[in-house]
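Read through the structures below before going on.
Heads up, the next two complexes both have chain A, just with different partners, chain B and then chain C.
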Partner chain A sequence: MLVNRKLILAHFWLAFAVFGIALTLGAWQMFIRSPIGTWLSNPELYYRSLTAHGTVMGYVFPTLVAMGFGYAISESALEQRLVGVRWAWAGFWLIVVGAIMAMVPIALGRASVLYTFYPPLIGNVFYYLGVVLVVVGSWIWVALMSVNLRVWRKAHPGAPVPLAMFANVAGSYLWAWTAVGAALELLLQIIPVAAGLKATIDAGLARVFFSWTLHAIVYFWLMPTYIAYYTIVPRAIGGRIYSDSMARISFILFLVVAMPIGMHHTFADPQVGAGFKFIHSAFTALVALPTLLTVFTICASVEIAARLRGGRGMFGWIGALPWDNPMMLALAFSFVMLGFGGAGGLINMSYQLDASIHNTQWITGHFHLIFGGAIVIMYFAIAYDLWPHLTGRELIDIRLIRTQLWLWFIGMIVTTFPWHWVGILGMPRRMAYFDFGDPAIAPQALSVTLSAIGGFILLASGIMFIVILARGMRAPQVDAGPYRFALAVHQPTTVPVALNTHALWVALMIALTLTNYGYPILNLALSEGTSVPAVYVGAQ
Partner chain B sequence: MSVEGAHSNGSASAEVAARVERRWATIAVIIVVMMALLAAFAGIHRATMPQPRVETTDPSRLHLTGEFVESNLGSMLEANGNVTVRAIGQQYSFTPACIVVPADTPITLRATSADVVHGILIQGTNVNTMLVPGYISEQLMRFTKTGDYLMPCQEFCSFGHEGMWGKVKVIDKTDFANRAKGGGRLSCVGQ
Partner chain C sequence: MSTRELFTLTNRHFKTSVGITAAIFVVTAIAGFIVLPFAQPWVQFANVWDAICSAAGVPQRAASVTAPEQSKRMSEVVLTSNTLSRPSQEAIGRGATLAQRCAICHGPTGVSRADSPNLAGQYAAVIYKELHDFRTGARTNAVMSPFAVNLTDQEIADLSNYYAYLPRLPAYHPTPQLPKPNIVIYGAPMRGIAPCGACHGSLDNKTGSPWLEGQSEAYMKAQLQAFASGERRNDISQQMRNIARAMTPQEIEQAAAYYASQPPDVVKAVD
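The block that comes next holds the complex of A and B.
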């Protein structure tokens, strides 16, 4: 029951439009810093582009996808009209206004501080205010998801909350609390300085606040993808969810342990002591747990589909899978990229190994593989799956869809594998150009060139994606029927309260954040003399 | 895609599913615990860990007083034979721009930033630390091979970041000892 299709389509179209812009900037960046480009006479242009790319890809694009998908889940999984549609539109427009407000100073070169802010570098105040508006807009969505679930519970006392909505609301709570770290950094530290009310800032404290957001935001980006793994893929390929309760446990684990681990981003920092670094490292190992459970459950769910299609044998069933189905293809690509990216992530979070790759191109390669690869390819799949239900028109370019997914996969591998490699060689991140004439840097030239070629493959795939969706707006009309989610092999009739509500887990999430962040933050906030003069940036 | 019949024999298959799941969850937990234990063991037994202590400094007075005044930057041979290197990062260079150190010697690198966030990364090694203004970074290191190493700034520090590359020159231990005889702080300058 998708009633507010315009609302959902607006979110998706805005998401994919800004994605297209940021993707183009990204491809240009890969090209211009590679040996096939020529050195920029003004390197500031590179950082301007990088700030726009990161701000859009990190804050605007995934947030809009999660919101649009969340509204679709709320209406179709709960079979209930969205409550608070006007608020939803208000949230959408806040994001539009915020994104424009942030992009204007970036485009003018007044806020080339990168999406990670990095005080004491300080850009134009409207950049930060724009980001705040985007976050506030998304918080309206968080509230609406909670309200809609509450309304449904009243009408269905004691009934199991549909898995998709349970996960969706968990994701929204995760985001609400995740964003608090950066919000504190912006409101208490950066914006007063950017507005000229203060002239000094504690850079170490800012980095700790940001780490609170920076890691868990990744799991917020991941939520729509995992929801698709569990509740769309098995239905789309003709299978069943292997276990409904394991799925719920995975989402709960993300909610609880995604947060108190962010300080693994500060292993190399001087403002955090060894004790908390180790605690966060150990907790980061825990976050592998929901992913390990998910990989198992999804593989088992896919095997069910294969066996129902007549697959036999220990591994013979793999051939019986519907490989021409775009959803199957997207899932397989996503899992391959998740596997490589996850293995790399274990190195990043390692207390010891991190030092060999910290802030090198390995890190950029890592999160492009996980986010741009494993996560975004499922955003594509979600859009393809939902589109006929939103537009009332058929997506006819199935072959083109398959080509698009293949190109994205190949492009992401070609981009990120050499990227990891030059990181191991010690190539630093975020440089507008490299002196490939230096004998010590020359061996990296080939890898950087390969990455740039991968960037163009990704750009081609991204353009195809937008073309397919645009053509889908004008295709012949079709009745796609109600939008359904996958059923479990043993569809639950009752679910324990702990697996049907979020309150306990939200409380645990907040408590763990306080234990793992409370002392370091208070310690830094109360220590004297650590504030340093702000350095204002702006193109001359 | 109806899957009728999946419910038949429900309770028996549910039990099998639950058992298989429990096994996998146990394996997953063991993997996670092993990783944490490995990190703890390496940290305690081999003393490999990120910077443990927090030290602060005032970046606006670095050049006036304290251990990071200009005359104290560079490499110093300690009485016990170890070497201490002091360096600062500022937009867009390191001081000293070329650090000279002996091979096969325990070295303590102490560094900080005079303005924004920078980073020190020595290519071909796992020496890698952030320089955050207001705080002192300390890294222990030891080079086994002589030669030149590139030392780029690994953190975005504004528009000149791409030009912020330093160097580390690792020389023979006795050569270093000879050069250190005169006292003072060594860098590649004057070699």
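The block that comes next holds the complex of A and C.
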């Protein structure tokens, strides 16, 4: 029962519009620092573009997708009208205002600090205020998800919360808590300096705060994708979820272990003790657990679909899968990219192995493969699946959809594999220029060129995606029926309270944050002489 | 079913999840704070507490290490992007009077005929820093040092504001404009050299860096060589010394000749 379709469509359209802009900037960046582009003589333009690309892709785009999808889940999984529609619109407009407020200083070259802020670099205060507005807008969504679930619980005392909504609320709580780190960094550290109230900044402490956000935010991006794995894919390909409990356990594990692991981003930072780095490294290893559970459960669910379609044998069932179904295709691509990206991630989280790839192009390759690849391709799938229910019109370009998914997959592999490779060769990240005429890096020119070509394939695929959705707004009308989620093989009739509520897992998440971040933050906050002069971007 | 039943030790989900989480934390903490520190044979700890403090990152003052003695004076000037911004008319006037004594080398209009730097329209922070460094001895010059040694803080600020206030005039080095050499537009990334304009005004200005257009070729060449040899050492964190050391003699000549041939009006203005 999708009632507030306009609200959901507004979120999706804004998300995909800004995605299109940021994707174009990304392709341009790949081109301009590759051997096929001529060196643009002002590196500041590159960092300006990079800041815009990162800010949109990191904060605005996935947040809007999670919000739009979250509202759709709340209405269709709970089968109740969204409570607090006005608040939802308020949240949406806050994001619009915030995104514009942040983009203006970036476009003017006043905030080329990259989306990870990098203190002691300080940009224009409106950039940071814009980001804060985006986060505040998304917190309204968090509150609404919680309120809607509460309303539903009152009407259905003791009933198992539908899996999609259970996972959706888990994702919203994860976001609420992980955004606190960046919010503390912005409010306590960066904004006072950007507003001119202070001239020094504790860059080390700011980085620790940001690491609080920086890794769990990835799992927030991942949540819609995992929800789609569990609750859309099996239904779309005619199967069932292998285990409802396994799904719930995966989501609560993300809640618990996604948070206290961010310091693997600060392995090379001197201000964090080695003991804490080790603990964070160990917890990062644990976060592979929910992903492995998911891969197992989804493969089993897919196998159910294949056997229902007459698949036989140990592996023979794979051929019986509906490979012409875009959802099947997206899932397979997503899993392949998740597999490679996850394997790379195991290297990043290892204290010793990280040293060889830290701050190299390997890292950018890694997170583009995971986020841009495994996660975003499922965002496409979600949009394709929801679109007829939102617009009341059929998506007729199935062949085009398949081409688009193929192109995205090929483009992402062509972009990120050479990217990883040059990272191993030692090419640093965040560089506006490489002199490929120098014999030391001339052999990397081919890999970087391939990467840039991959970037253009991705751009083509992104344009196709937007065209398909836009054409879907004008297609013949059709009654798509109510939006449904996949059912489990054994649909739960009762669920233990621990797997039907989030309180215990939120409590564990906060407790682990205190144990894993408490001392490092207090130590830096209370130590004298840890601040450095701010470096103002664009200042004279 | 309510969460009240959940948060009790009788609930096995509560017991198990909290127990496993706590156990993982304790095991990793023991490994990270006790086992691994002692597994490093090259580090000596007095006791377990010492190892734990080290792994936790408790700041420790190294006992016996003393800072190496500085044989020469270092620059002590602190510049921020707000240094000397928005001067009063009186300050500029006082600076004009004081500048009479500078005119013999730097020219009555702030444009030199004597291979000294042109000061008209130079960033105030630059003049402020150099005069301070001449006064403290962080930078030395047989002619400039005696002039600077008796200046007060106020006089230095006034002079800086006065020269920054003067209009930028075309210099007396009107060689035909040269094509941009690579070292100026690209720098040399593989040798860690940023494009000159990234700090010196034509792309961006970093506080304390002068603009160079139309300055004396001989002067700029001499300064780059002085940075390269370490004779001049008042640049912050060796920024210019590192660059000049990595430049080839040809690049030094190209950069100096190029900048000398440029008109000064392309430089970014101060806010």
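By definition in this document, the second predicted complex is superposed on the first by the 538 of 540 C-alpha atoms of A that agree within 3 Å, B and C clash if a C-alpha of one lies under 4 Å from a C-alpha of the other, contacts with A are read in each partner's own complex, and residues count from 1 in each chain.
In this section, contacts are C-beta pairs under 8 Å (C-beta built on N, C-alpha and C of every residue); 3 or more make two chains touch, one makes a residue touch a chain.
Because the structure is a prediction, the values reported are computed rather than measured.
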item: Which superposed partner A:G158 touches (first chain B, second chain C, both, neither); value: second
item: Which superposed partner A:K198 touches (first chain B, second chain C, both, neither); value: neither
item: Touched partner set for A:P120, first chain B, second chain C, both or neither; value: first
item: Partner chain in contact with A:D354 - chain B first, chain C second, else both or neither; value: first
item: Chain B versus chain C as contact partner of A:R5, first or second or both or neither; value: neither
item: Which of chain B and chain C A:V256 touches, first, second, both or neither; value: second
item: Touching partner for A:M246 - first (chain B), second (chain C), both, neither; value: first
item: First (chain B), second (chain C), both or neither touched by A:V272; value: both
item: Dominant contact partner of chain A by residue count, chain C or chain B; value: B
item: Partner chain in contact with A:L504 - chain B first, chain C second, else both or neither; value: second
item: Chain B and chain C contact sites that coincide on chain A, given as residue numbers; value: 43-44, 271-274, 277-278, 282, 286, 431, 433-434, 438, 440-441, 527, 533
item: In the complex, chain B residues that touch chain A; value: 1, 3, 6-7, 10, 13-14, 17-18, 20-21, 24-25, 28-29, 31-32, 35-36, 39-40, 42-43, 48-56, 58-60, 91, 112, 115-117, 119, 121-138, 148, 150, 152-162
item: Parts of chain C lying in touch with chain A, wherever the complex brings them together; value: 1-3, 5-7, 11, 13-14, 17-18, 21, 24-25, 28-29, 31-33, 36-37, 52, 54-59, 80-82, 123, 185-186, 188-190, 195, 198, 203-205, 207, 268, 270-271
item: Chain B contact footprint on chain A (complex, rising order); value: 43-44, 46-47, 112, 114, 118, 120-121, 202-204, 207, 235, 238-240, 242-243, 246, 266-274, 277-278, 281-282, 285-286, 288-289, 292-293, 296-297, 300, 304, 308, 346, 350-352, 354-356, 358-360, 425-426, 428-434, 438, 440-441, 487, 489-490, 527, 529-533, 535, 537
item: Complex interface listing, chain A residues touching chain C; value: 39, 41-44, 158, 199, 256, 271-279, 282-283, 286, 431, 433-435, 438, 440-441, 496-501, 503-505, 507-508, 511-512, 515, 519-520, 523, 527, 533, 536, 538-540
